[in-house]
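Labels run A, B, C, D, E and F following the written order; every chain starts at residue 1.
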Amino acid sequence: MSGIAATLQKVYIRNLAEKNKRIDGRKLNQYRNLEITPNFISKAEGSAMVQLGKTKVLVGVKLDLGEPFKDTPDKGVLITNAELVPLASPEFEPGPPDENSVELARFVDRGIRESEAINLSKLVVKEGETVWIVFIDIHVLDHDGNLIDASAYGAITALLTAKMPKAVINEEKIEVIDEWAPLPIERVPIPVTVGKIGDKLLIDPNLEEENVLDAKICITFEEEGNICAIQKVMGLFTEREIEEAISLAEKKSKKIREEILEITKGGDE
Amino acid sequence: MSGIAATLQKVYIRNLAEKNKRIDGRKLNQYRNLEITPNFISKAEGSAMVQLGKTKVLVGVKLDLGEPFKDTPDKGVLITNAELVPLASPEFEPGPPDENSVELARFVDRGIRESEAINLSKLVVKEGETVWIVFIDIHVLDHDGNLIDASAYGAITALLTAKMPKAVINEEKIEVIDEWAPLPIERVPIPVTVGKIGDKLLIDPNLEEENVLDAKICITFEEEGNICAIQKVMGLFTEREIEEAISLAEKKSKKIREEILEITKGGDE
Amino acid sequence: MSGIAATLQKVYIRNLAEKNKRIDGRKLNQYRNLEITPNFISKAEGSAMVQLGKTKVLVGVKLDLGEPFKDTPDKGVLITNAELVPLASPEFEPGPPDENSVELARFVDRGIRESEAINLSKLVVKEGETVWIVFIDIHVLDHDGNLIDASAYGAITALLTAKMPKAVINEEKIEVIDEWAPLPIERVPIPVTVGKIGDKLLIDPNLEEENVLDAKICITFEEEGNICAIQKVMGLFTEREIEEAISLAEKKSKKIREEILEITKGGDE
Amino acid sequence: MNEEMSYMLEKKPEKLFRDDGKRLSGRDLFELRPIKMKVGILENADGSAFIEWGKNKIIVAVYGPREIHPKHMAIPTQARLRCRYNMAAFSTSERKKPGPDRRSIELSKVIREALVPALLLEKFPKTVIDVFIEVLESEGGTRVASITAASLALADSGLPMKDLVTAVAAGKIDGKIVLDLDSAEDMYGEADLPIAIMPRRKEITLIQMDGKMTPQELRLALGKAIEACQQIYEMQKRALLERYKI
Amino acid sequence: MNEEMSYMLEKKPEKLFRDDGKRLSGRDLFELRPIKMKVGILENADGSAFIEWGKNKIIVAVYGPREIHPKHMAIPTQARLRCRYNMAAFSTSERKKPGPDRRSIELSKVIREALVPALLLEKFPKTVIDVFIEVLESEGGTRVASITAASLALADSGLPMKDLVTAVAAGKIDGKIVLDLDSAEDMYGEADLPIAIMPRRKEITLIQMDGKMTPQELRLALGKAIEACQQIYEMQKRALLERYKI
Amino acid sequence: MNEEMSYMLEKKPEKLFRDDGKRLSGRDLFELRPIKMKVGILENADGSAFIEWGKNKIIVAVYGPREIHPKHMAIPTQARLRCRYNMAAFSTSERKKPGPDRRSIELSKVIREALVPALLLEKFPKTVIDVFIEVLESEGGTRVASITAASLALADSGLPMKDLVTAVAAGKIDGKIVLDLDSAEDMYGEADLPIAIMPRRKEITLIQMDGKMTPQELRLALGKAIEACQQIYEMQKRALLERYKI
């Protein structure tokens, strides 16, 4: 959509927001329907297909043995990557990750890293030499807005359901044996994205809304109530709006954490 | 050529084909003049300059010591690369290999690999650690059609005439000594390219013909009569046409194998 | 500037040159004001901010341990890189080094390498295995002409003032200890750039002059009077002009070497 | 080089047939793996399809005909068909580094060449039609599954087509001609022969081979593959009907 | 990944406060490092500024509004703002390989997003405004120093602005909220909260956080950062005046 | 860095002269290696030439004047001359990875700068003339051989020229000035001085030096190189005549 049609829709969505309404009939603080299917990919150690409204994101977790970083010889390595493949949107182009996919991957990574969701100390096979590398790969399949939340929910679900084989040292050689255990996941960081239209805040903006937002912020909470990552993605906020966004996000993050724990618990049985 | 001139030429070539004739006077099953000069490059372990009509391709074989692939610790490594340098055609552009050069390199590679032309087991210096890597580099110099056949003939000639130095293990160190032997070449895979215009099949299309072909297929034979690689490059064929193409290619491949064996035998004396 | 204005300025500068005059009032053999500030960057082992008229170049020297080249196991490694960042000129574009920055880096490198300014033999920690790598990074900040001379003066000043920590072998492990010494700098190569307008030669062309030069050449001298690098950058010269340029450059290089030695001597106290 | 090999490091089995004559997966010689197809599964794309073929999971989107950038890529007399075959990092046993490699560059080309004959590109001069293929999980035979799904996505996009394109691989393992090789059979078998046809007139739009076959074996394999395509063609048509059923 | 970490391999200190309650650098909780700013230091750029903030040394140039290439990048209704954050190879403890990495790609975006709200981009449709940031030396807090300097360079270029943008980081180290973290505090502290505001109306144009803070701590940190911005804002205004003083 | 060095790992000889005063190759001080030139050896190119100079084998193609893409690269008042110096993977002792490196980027520029003065670029505004140089085998002195062949290919293409460009390297080995260094002399000698001239008026269009020479030595070397160019110039003219002889 472009030109006049776009302008009209912008006006329409803004007018709705003033009346606390949204184009798809949701309340301002209402999430879209969220469906998460863990273990979608059998070749991945962990995976989850996420549908958030019409947005579809597939996340895979792969494990590999490798060297630790020089400054953290006693920890495993976490690498998060996002591909906005052109299948997912007419706006996405083939090529190396652009700023949007880099921001997406880095923000999801920060939530997991800073909350210490993965106990990286338990991923060491031989200190200073060999550790498990956890690759989180985010593959966006259909973009209808709020890719960050959908990707993060996929990532934590894939981590919670991932299986790690045992690596043992046998006469100085490292062998991977066919004994599987869950990854050492100790926290469940949950981001919630808040958009601003005029002076209204709303959560989980869809693509039509994203196109007319004045500002957007993502806030990640862990279960103890700590904030572990924030990213203002665009626009500007007042101090009061930031506080309001935090409180909106905090509430919603709890409900979504419960949903994800429910799903992943089910997956284990 | 473009526009009306191109259209007229297209019609002309198609009309000729209907009458079993070709623009350069050849019969449908007739190859262009083929000249192969082995040992063109003294710095390469093997090399061959191929002239197929006006098409010119130079192929070099280089050897280097390196690690085997993890899944084949008992085999040497074959790497084939093709450069369609912009010197060779106004259509070629500088830059990393495009789909045409990748297809060219991979098809030539497959013929050699699948026919087990090189006995890769004889290229092991120390199992799992050091093997010979055989690099086949195809450098296209003048493009007048049928690059695949010209390149493959250059590759196999370069391999047949290549010299390999001896690598010995001396107190755990690998030394290359000044004793040379031929590469262990055990088969001579020969592709023949067949084009289709209307319902006629013809071999070794030149560039003018390639521009008007309805379909093109390359079929590689080894001496025992096995097919070891096929690639439909463009267009479509009926089942009957595939069979006809195979039988055309089979005959021609024998003659060309003889020519190449003659040339490379001569080169050894 | 473009079009008529550029043409008029070209005529103006050429007319001035005929009368042995220059657009900024200098004599043909006169350098612009040169200010060099060593130790500008505390994180670098050596550094120098150079202002040559309005041209500004910052050069940093970093040291790292690494492997020597196979063919020189008994020598440290010198790597010179130049970044023409788009901050410095509307003509510069982001991206990998283009031919101008490559030529700049390689010419500065050659002067230092060929004069044997750094005694690379003294940078060996363990022969064949570990040596110091000296990185010279040229960061151009404001381009008002004659980047080569400004960069080279920055590079040699940064080298002359750089500090190298001690690396010792302790039970087969290499440790870097907190004892610092100057880099082993044994010569001070100084390039001088000579431009040609009509039949006049002038030194240190500024950007306005560079835009109308007929030819340009850079000549690097070491203290014993040897030429150690020449690069004709553009245009053509007669044999007589080359000789004249050499003699102009030789004189000027001595004065600049004295200035740099004075500055770096001061820096050591 | 040898990129396919590096995806799979399991050990070579002693033989590829069981004592009862069935293949290791329990299949008969000419038995296909289970295949599921779904058309129209993406919102943004003009056409889309999802295929599960054994453990292969592949999603295809079609965009276009649409404007082409840069403009000098436009062909005055017809649409340009672009194809991009891409494997997700988690689709293979060992993690695949994102981005195109030589294998995916070649596959993108051969898949495009397999689809072109079914399209009426001259109806949309100067435009581009993009076919984006994402392999989410791979287990041997991704190119034929991709072609099969891509032709559904093209049909779903409403583009006029001469016919669907239907693909399957034949091959040779332990000396016998079989259909639809899985990873292990592809890796340790003697030959792989992926083909694609337009089933209505049995015209062959893809044929590749690697390995060793006699011309006679090839004839048999080709014939069996063409037969199997008819079976897959029926599934394709059902999947399309499913999409438009109320 | 974890690129910032790899720039600094010094050992972790036992604690980040001295016995007298001051930070290791001798600073109080909310004390900033020394800051120097200079406007208009480049000849070629349309606007420029240099900032020294602790040991950080950053130079910013603004070019534009100017023509954009390729042309289809032009936005019909406004100027495009482009930002490029780049670290010199010698700016870090370990030499940084030249060229963009994932961290600098993200920073370029967040810095741009922090500056956009201050500009009247709709006044210059179809053009581009380029902000080039060169970090010559880095020691924690380069993004906030870059934003602070960039808004000076934009002002120096003569572009109409709603306000300057002023930035500073708050954070949490050894359990306490502090301002303006240096490298060690950033690395070994518990949280980092870079923010940018337009001081006149206290509108927040950048807020990022990593680490752990309770919402209460965040509120305190944010408040303190906004206060500090007022102080930095005064320095910015002085630097601008200095530039145009005769 | 030091890319040339890595191409040749033979051992350093004790000295570069034999007891009889000749060079290791048997040549006298100012004796050139055998040179063969052939003009017009490619079908597609507008002009082409092949040179064998010692073991160097180089082929050059000229395309143009032709349209330039992208169009904003066009120069309104003259043709753009582009030069691409490329080494085949098999041209060196150790296999060279395909694609441009820093050395080839610099050589492409200096070769272009050596050719530009001979051309009347202002006759073909807005177009591009491409000179593609493929080094098939290299053994010291590829840049001067490339220039010599490139000027033949330019002439073959029918472009109007002020003169041919003729090139040769002088140098210094074991303290003596010599002409036309081979690989070993280049590597273990004290200085290398490639030059190119337009022979008719003896104008110098290329001069580079690395190594050490006194200004007096340089004068001698330059003079000898210019003399040798006259000899090579005659070969060039003969090669051109050969091309058009019936």
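Please note the rule applied: contacts are C-beta pairs under 8 Å (C-beta built on N, C-alpha and C of every residue); 3 or more make two chains touch, one makes a residue touch a chain.
A quick note: this is a predicted structure, and the numbers were derived from the prediction, not measured.
K.L.:
Which chain has its C-alpha centroid at the greatest distance from the C-alpha centroid of subunit E?
P.N.:
Measuring from the centre of subunit E, the most distant chain centre belongs to B.
K.L.:
Can you spot which of A-D, A-E or B-F is a repeat of the C-F interface, where more than half the contact pairs line up?
P.N.:
A-E
K.L.:
Could you state the distance in Å from the CA-based centre of subunit A to that of subunit C?
P.N.:
49
K.L.:
Averaged over CA atoms, how far is the centre of subunit C from the centre of subunit E? Could you give it in whole Å?
P.N.:
Computed value for the inter-centroid distance: 32 Å.
K.L.:
Could you grab the centroid distance between subunit D and subunit E? Build each centroid from C-alpha atoms only and quote it in angstrom.
P.N.:
One centre to the other, that is 50 Å.
K.L.:
At which residue positions does subunit F touch at least two other chains?
P.N.:
Counting only residues that touch two or more other chains, subunit F contributes 70.
K.L.:
Please output the residue numbers of subunit B that touch at least 2 other chains, ranges allowed.
P.N.:
Counting only residues that touch two or more other chains, subunit B contributes none.
K.L.:
In their shared complex, at which residues does subunit D touch subunit A?
P.N.:
Result: residues 42-45, 55, 57, 59-61, 63, 66, 84, 86, 88-95, 98-99, 130, 132-134, 136-139 of subunit D touch subunit A.
K.L.:
Which bits of subunit F are touching subunit C when the two form their complex?
P.N.:
1-2, 5-6, 8-9, 102-103, 105-106, 108-110, 113, 116-117, 193, 198, 202-215, 218-219, 222-223, 226
K.L.:
Across the complex, what residues on subunit B touch subunit F?
P.N.:
40-44, 47, 54, 56, 58, 60-62, 64, 81, 83, 85-90, 94, 96, 135, 137, 139, 141-144
K.L.:
In the complex, go through subunit A and note every residue touching subunit E.
P.N.:
69-72, 77-80, 97-100, 102-103, 105-106, 109-110, 113-115, 217, 222, 225-239, 242-243, 246-247, 250
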